[in-house]
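Worksheet: the structure to be examined is printed underneath.
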Amino acid sequence: MSISLKKVQEHNTAQSCWVVIENKVYDVTEFLPEHPGGAKIILKYAGKDATSAYVPIHPPDALEKNLPLEKHLGALDATSAQELDNVRASKKKTQDEIRIEREQAKKPPLGRILSLNDMEIVARKVMPYGALAYYSSASDDELTHYENARAFSRFFFNARVMRKLSGCNLSTTVLGYKSALPIFVCGAALAKLGHPLGEANITQGAGQMGIIQMVSSNASLSYAEIAASRVTPDQVLFFQLYKHNNDAALKRIREVEQLGYKAIFLTVDAPVPGNRERDARATWEVDELEAEAGAPVTPSDAEVEVDTGGRAASLIANVDINMTWDETIPWLRSVTKLPIVIKGIQCVEDAVLAAEAGVDGILLSNHGGPTNDLIPGRQLPYSMPPMEILYRIRQRRPDLFDKMEIYIDGGITRGSDVVKAVCLGAKAVGLGRPFLYAQSAYGAAGVVKIIRILEREILMCMRLVGATSVNQLVPSMVERVDWHAVAPKL
Amino acid sequence: MSISLKKVQEHNTAQSCWVVIENKVYDVTEFLPEHPGGAKIILKYAGKDATSAYVPIHPPDALEKNLPLEKHLGALDATSAQELDNVRASKKKTQDEIRIEREQAKKPPLGRILSLNDMEIVARKVMPYGALAYYSSASDDELTHYENARAFSRFFFNARVMRKLSGCNLSTTVLGYKSALPIFVCGAALAKLGHPLGEANITQGAGQMGIIQMVSSNASLSYAEIAASRVTPDQVLFFQLYKHNNDAALKRIREVEQLGYKAIFLTVDAPVPGNRERDARATWEVDELEAEAGAPVTPSDAEVEVDTGGRAASLIANVDINMTWDETIPWLRSVTKLPIVIKGIQCVEDAVLAAEAGVDGILLSNHGGPTNDLIPGRQLPYSMPPMEILYRIRQRRPDLFDKMEIYIDGGITRGSDVVKAVCLGAKAVGLGRPFLYAQSAYGAAGVVKIIRILEREILMCMRLVGATSVNQLVPSMVERVDWHAVAPKL
Amino acid sequence: MSISLKKVQEHNTAQSCWVVIENKVYDVTEFLPEHPGGAKIILKYAGKDATSAYVPIHPPDALEKNLPLEKHLGALDATSAQELDNVRASKKKTQDEIRIEREQAKKPPLGRILSLNDMEIVARKVMPYGALAYYSSASDDELTHYENARAFSRFFFNARVMRKLSGCNLSTTVLGYKSALPIFVCGAALAKLGHPLGEANITQGAGQMGIIQMVSSNASLSYAEIAASRVTPDQVLFFQLYKHNNDAALKRIREVEQLGYKAIFLTVDAPVPGNRERDARATWEVDELEAEAGAPVTPSDAEVEVDTGGRAASLIANVDINMTWDETIPWLRSVTKLPIVIKGIQCVEDAVLAAEAGVDGILLSNHGGPTNDLIPGRQLPYSMPPMEILYRIRQRRPDLFDKMEIYIDGGITRGSDVVKAVCLGAKAVGLGRPFLYAQSAYGAAGVVKIIRILEREILMCMRLVGATSVNQLVPSMVERVDWHAVAPKL
Amino acid sequence: MSISLKKVQEHNTAQSCWVVIENKVYDVTEFLPEHPGGAKIILKYAGKDATSAYVPIHPPDALEKNLPLEKHLGALDATSAQELDNVRASKKKTQDEIRIEREQAKKPPLGRILSLNDMEIVARKVMPYGALAYYSSASDDELTHYENARAFSRFFFNARVMRKLSGCNLSTTVLGYKSALPIFVCGAALAKLGHPLGEANITQGAGQMGIIQMVSSNASLSYAEIAASRVTPDQVLFFQLYKHNNDAALKRIREVEQLGYKAIFLTVDAPVPGNRERDARATWEVDELEAEAGAPVTPSDAEVEVDTGGRAASLIANVDINMTWDETIPWLRSVTKLPIVIKGIQCVEDAVLAAEAGVDGILLSNHGGPTNDLIPGRQLPYSMPPMEILYRIRQRRPDLFDKMEIYIDGGITRGSDVVKAVCLGAKAVGLGRPFLYAQSAYGAAGVVKIIRILEREILMCMRLVGATSVNQLVPSMVERVDWHAVAPKL
């Protein structure tokens, strides 16, 4: 059945809401209340072409999975499709697109990227303004991310000398799987915002360098596409589960099990959306930029969203906000044989409860940046930095390190950060945002690059503290000092 | 009896001082020594029209209450009234008025205000320079306000996960009265300086959102006008009492009792005026601004005032500076059945004495800004931040939380600040200055807006620490850290 | 005997060095090695007129006291005197003089000075560049002065409320002498550099306000002139003794005894000159300024002086660097009945020794600025701030407060600083540099002004902590905190 | 045998690599893998003239020592030599050379250098950009050097007064050899980069002032040339040994023994190269500077080097990375009678092991800057500052000070830093970078100058803390404070 654009335009209300995506027409009226991103953002495109807004943040199978087939109304008729193509072709470049082209032309060769910070600087220049806001915004006053990074600056090394250093081995295992370095990719999502190939860049880079990728529920590629991007069939992927109701969760688990994913990282620290200030501001600022350049601008309705966001929690309405140790973990155990890791432990008490619940691991995390879920800046301001939680577990409950694997993420920018965490007992360290920046700037090659930088830094650091394997990294090599070194810049 | 302006002009000395207010003539000669703001400021207008200086900082019933009727000399004659009207009509706009008009035109829509800080930024732009100085000045080097805010940055959360979060309830009670949020309006005065409707804006906004307003003795509307602005008859108001002599105090108490006010907050931390530097400077700076624009300027006599201010304490000559636990509290109990709260406790020792005196509550406060009384910047430099006092009570005398309600104010800018205080035992948290800014910028709608922002932030924060009601906020959820997070900017 | 300028010019070497001061000729050849400021500075004027360099830093009786009468060669002949006058009259204004005239014209009325900081800002503008360098330079990296001031920011108040506050009395006694405030003037010297009336300005102001002045051995007026400047005959002066050999010291002591000075403050923390970096730089910078303006400039020989300064200690060659508790104090006791205070105690151990030596008081001081002796910046970098020493005495040896009076100086800028020190046990607090700035900017009126500012601030602070007399200021009112408040700016 | 440039140009690959140095031709093909600086940097000059790159960083005997004589192929023929001379003569000045000439012309007279910081400022202006990068770069984010310097700011003095101060003696002994001051020159290398006379400047200056120089294995002059530069035959030199295999080490030891060097400082904290970020960037930045000025630029291959540097450790391939307490020290003892000092101890535990191994001394060091070995920035980020290690030894194992001499280096900029370290037990304090800067800016005179500055500062500081000899400097004179003084600027 072929449909005219005119017909589509008649369905431009919440009562009947049609949208066009890649020249196909969908009736999303009934889906509006279920949309994880809220109804409002869809209504902005009611009766219109939504392709450019939709594609970068949804996996290709999202419509198939979430919208009943009878709502897939069919293709636009040829005239209408042509009309849309014409509109797109004649569309003037936005100020942001012009800026990006200019910056892309000036981008340094990859060889000049010497640190993760260098990579972020490049990525920030070549990314769309909106994508940058998604990746980099953090909660109230951007404090949490900064504090996570700064926490590492309170730990100094007691380096040992006169030890045999030949044959240094950086590898470790995570849940029994080999990793070339004590790091893994931590649930970075929405990668297509930064680069058209999206999460596949990360899969490729991680595969080449022998580290494990944890794939977010909110990836902008399908889980299958990511699995298909692996360098070898036995490349290991983990799955970061945002649990909705049991049925939906089970469906996701079955899907990734069949695709060969090797573990479930249940996310427990994002039951509600955080403060979306920078994200909201980005929308306005882009509008203003275009307006200054003379473009006609439709006033954004972001105001309303922001204001109600906190109240109704509509944006992530489907996330299970009633998970408990008593019910959720046993249920999860009952439906899958995959190892279970709890992502988002933020205090010693909950680490103890996790061990008692018998999980295979915990990831100390306060959602250190906005990169690992759909809604940026979701975390708690003044949440305890993961490195501090790790330190407290080492001080108060060192027995926990024998009961399960413990990881941390958030604020890691140097190999020395990784080494410090491993000294205190972390089995491995997760990074998210740096991978998003790297793939945004240079695709898979950027991902390889930052892993090589970390490899070089970790190797140097291990040798200089006097260790030739990760199990020689011990707590006495790290000392929490009282003077607070100069911290990474905000 | 109708009076000519010429006649008024003859009474232009301390020996015989007449002033015109809204075309009526008053003989204030005998009142000069009693004026809480000092004689000098009145003498500036001796024999002249004082309307524009008088109206924004006095309630309409001030003359009636404070000046014997025989001193109400009568109206100006028609010619004189016309003459004054002409003067006012022909008066050139001041530089400050021009600036404000320009800024008002650029004011962002309310929807773009995402935080209390955003609101303050707007208010600072659209307010008269002098009003801003009143609202924002603080004592020596503005240290106290900054330290109050910074104190919160030393407390981090130990957030709990895997708890049922549906049905989060933010409400609490204050002295038995329901409050939609664990916050209340704290004695913000002189609101007419920022907005013509003054404190009524706050009453309206608080009523709509279900929180309680504590009304200052120094409100620029009459207590009756404020009571009449309530959204519903049962909207709760408290009264912040600046106690003068017993008779005057009794008169005030009787008045607010009859108007239905529900509690007395006795202010004990402002026995003497503080350092008025910024306020004094504002006067000069405004003069200079006008002078630069070519206006003839009468040299301000602020110099003398400032210099003598500290010595004679003339500015608040009538405040009772000899209150004691032994005499004042029993007397107050003897004259009113209303609950009594002591506002201005600044150390653990005095909290203990308050509990022993049997009061219903204490408000830990160091006059965190200049907004809650007539004279700005009244507080003690290097006074202990209320959040630190609260922490010390929790550490040393947790039993006090069972004996009376404990509140804090000063430096609150985020919902997370509120949650931290409630975790440590605060029954509720007072904010003053933010309400003054909000009403100055957007009237009652601004007041509603910042309450909604706080509501959103508190809700998010509670859920993310794992609580669904205020009584689930417990001390173990907060940890005083030793590294001093990045603090709010000065 | 009248001498020609030509004759003078022949004596322009170290072998025979004559100089002209106020048209009189002196042979200073034999005095060169004894000059406290070193020979080099005199040799710069060998065979020339030295009036403008000599007058601002020497008391009028210096020549009489230090140079045998036979070296007073006589007056210039009339022609020569006229010639010098002509030179002076035709001398082009220096860039610095032009700058000062411009700044003097813009100087704000005294009434606008609201804080000691305001005063310093004005003084820095209207003072000669070289004088400013003398007053404000401090040792290595200006650290010590800053740390002294910053030390106060670690002490917060536990303010008490509900206390009777009428009748607040700020007076105290120092060595039994009445002082209107718990402050005194601390050995500020070289006042003529900043104002032609010099130390007499301070004497006048202190007298009017009822506080005590400690007069430096290095005052730029004679001790007699200062005594003669007193407001009343019983105005109290103390004497800061830089002890040279016993005979010289005895001569000084006898002189001040006869002039009615009431105590001896023996300075023990300046046995050697400090690092003179800023002072040296000032010389060059002034030269460069003039050179830029086209003036012919004689290259300064400051380089050599600076370099040798440390080695030979020539600059203060006469100061006794072998004082001991066993010898010096008994000797001093044996020659004078005046009370003896040791100025410059810098640790608890020496405070104990001072008490054991039976002195009447100690002044905890690390030469907090360069204002209180001839050579600026004389102190030890990283010396312990006096406020910290006071705190340590209170913690470890509170008994010492009963054995002698203890004072502190260094870094005081606010009345709250004074109150904190008195709470911890200081009998009074010395200020030096602020008085130099005040008299430089406004003469005696400036001195009165800053005392009034301090009076106002101390009064406010005492009332707000709940005290009506200095003996109600007790240690429990002050708490050393661990967060380091924002400190005064460098 | 005379060789044409054309012939040389044919050998421009790794398979056959010839280079020209000072008009002589060398076949370095087989040497490529052994080059401590890596093969890549040589290959850049394969078939070309390498003189200007080679000379400033190699001692004259390097070719003789490291390249078999049969690879010294002979001189260029006259025409070729002339051709190269013409090339050099016609070479346009680089932007950096132009800048340096300009800065040299403005260089202040030596007399105006008042502090080590002044000296560094001048040196940074007059040095080639690349040399500066070598001298000043430090590891990740330049943190370590800054932290070393900042560590001193946590130590304040408890100064003593009333002590006899005449006859202050600053001398001490190091390993039994007299030193005029408790400082020594610490392994500064590559001095020719900054000044054509290189390390000889330092030898001359140290000799004149009576302090000891520790000569680096990587000096840019031969050990013999340095020995020949001594002021007197008995001037003491120590040798900093970078140990390669035993045979190579033995050869070096024998050489310096015969030259009269007096001790072996075995370097143990640089087993692997550090992060070379600034150094790599400098290369690019210089290229860009020239490119902007229109010069044709060959793209640098630094990218590849940087990236592989960490992995293969090729840059210092020959350094012994398997030294141990059990094997290396006994071996060293067996081959030499010279005293042995371990340079690079970074924690108390290793200090204990060193004492147990019976060495004569340890130098607490984290390679505080990049100045003391071939590859800049080699050290560990977040390594414990030496001053903190010294403090920990004093606290936990004061007995170690009796078992061996203990020194520190890193971050010293003031005489007060030296005095603090000596108070805590350091026998002497090493400085490296300041000597490189001093000789770069002013040659030997600069070296003398900074020693004199330190002498003046140490003397002043000792007297002001109440000591007249280094053994009167005791731990109680220094106190570690909790407030962290303002630190030296980054």
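As written, the chains take the letters A, B, C and D, and residue 1 is the first residue of each chain.
Assume a residue touches a chain if its C-beta (ideal position, glycine included) is under 8 Å from a C-beta of that chain, and two chains touch if they have at least 3 such contacts.
Everything numeric here is computed off the predicted structure, so don't read it as measured data.
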| item | value |
| --- | --- |
| Minimal step count in the chain contact network, chain A to chain C | 2 |
| Remotest chain, chain C as reference, centres from CA atoms | A |
| Copies chain A and chain B touch via same or different residues, half shared test | different |
| For chain A placed onto chain D, the superposition rotation in degrees, Cα atoms, nearest 5 | 90 |
| Separation of chain C from chain D, taking each centre as the mean of its C-alpha atoms, in whole Å | 45 |
| Approximate Å spacing (C-alpha centroids) for the pair chain B, chain D | 64 |
| Of all residues in chain D, the ones touching two or more other chains | 482, 484 |
| Interchain pairs in contact, sorted by label | A-B, A-D, B-C, C-D |
| Sites on chain C touched by chain B in the complex | 109-112, 114-115, 153, 155-166, 414, 416, 420, 452, 455-457, 459-461, 463-465, 476, 479, 481-486, 488 |
| Chain A to chain B touching residues, read off their complex | 140-141, 143, 146-147, 150-151, 154, 268-269, 271-275, 277, 280-281, 284, 302-304, 306-307, 309-311, 321-325, 328, 342, 344-350, 353, 366, 379-384, 388, 482, 484, 490 |
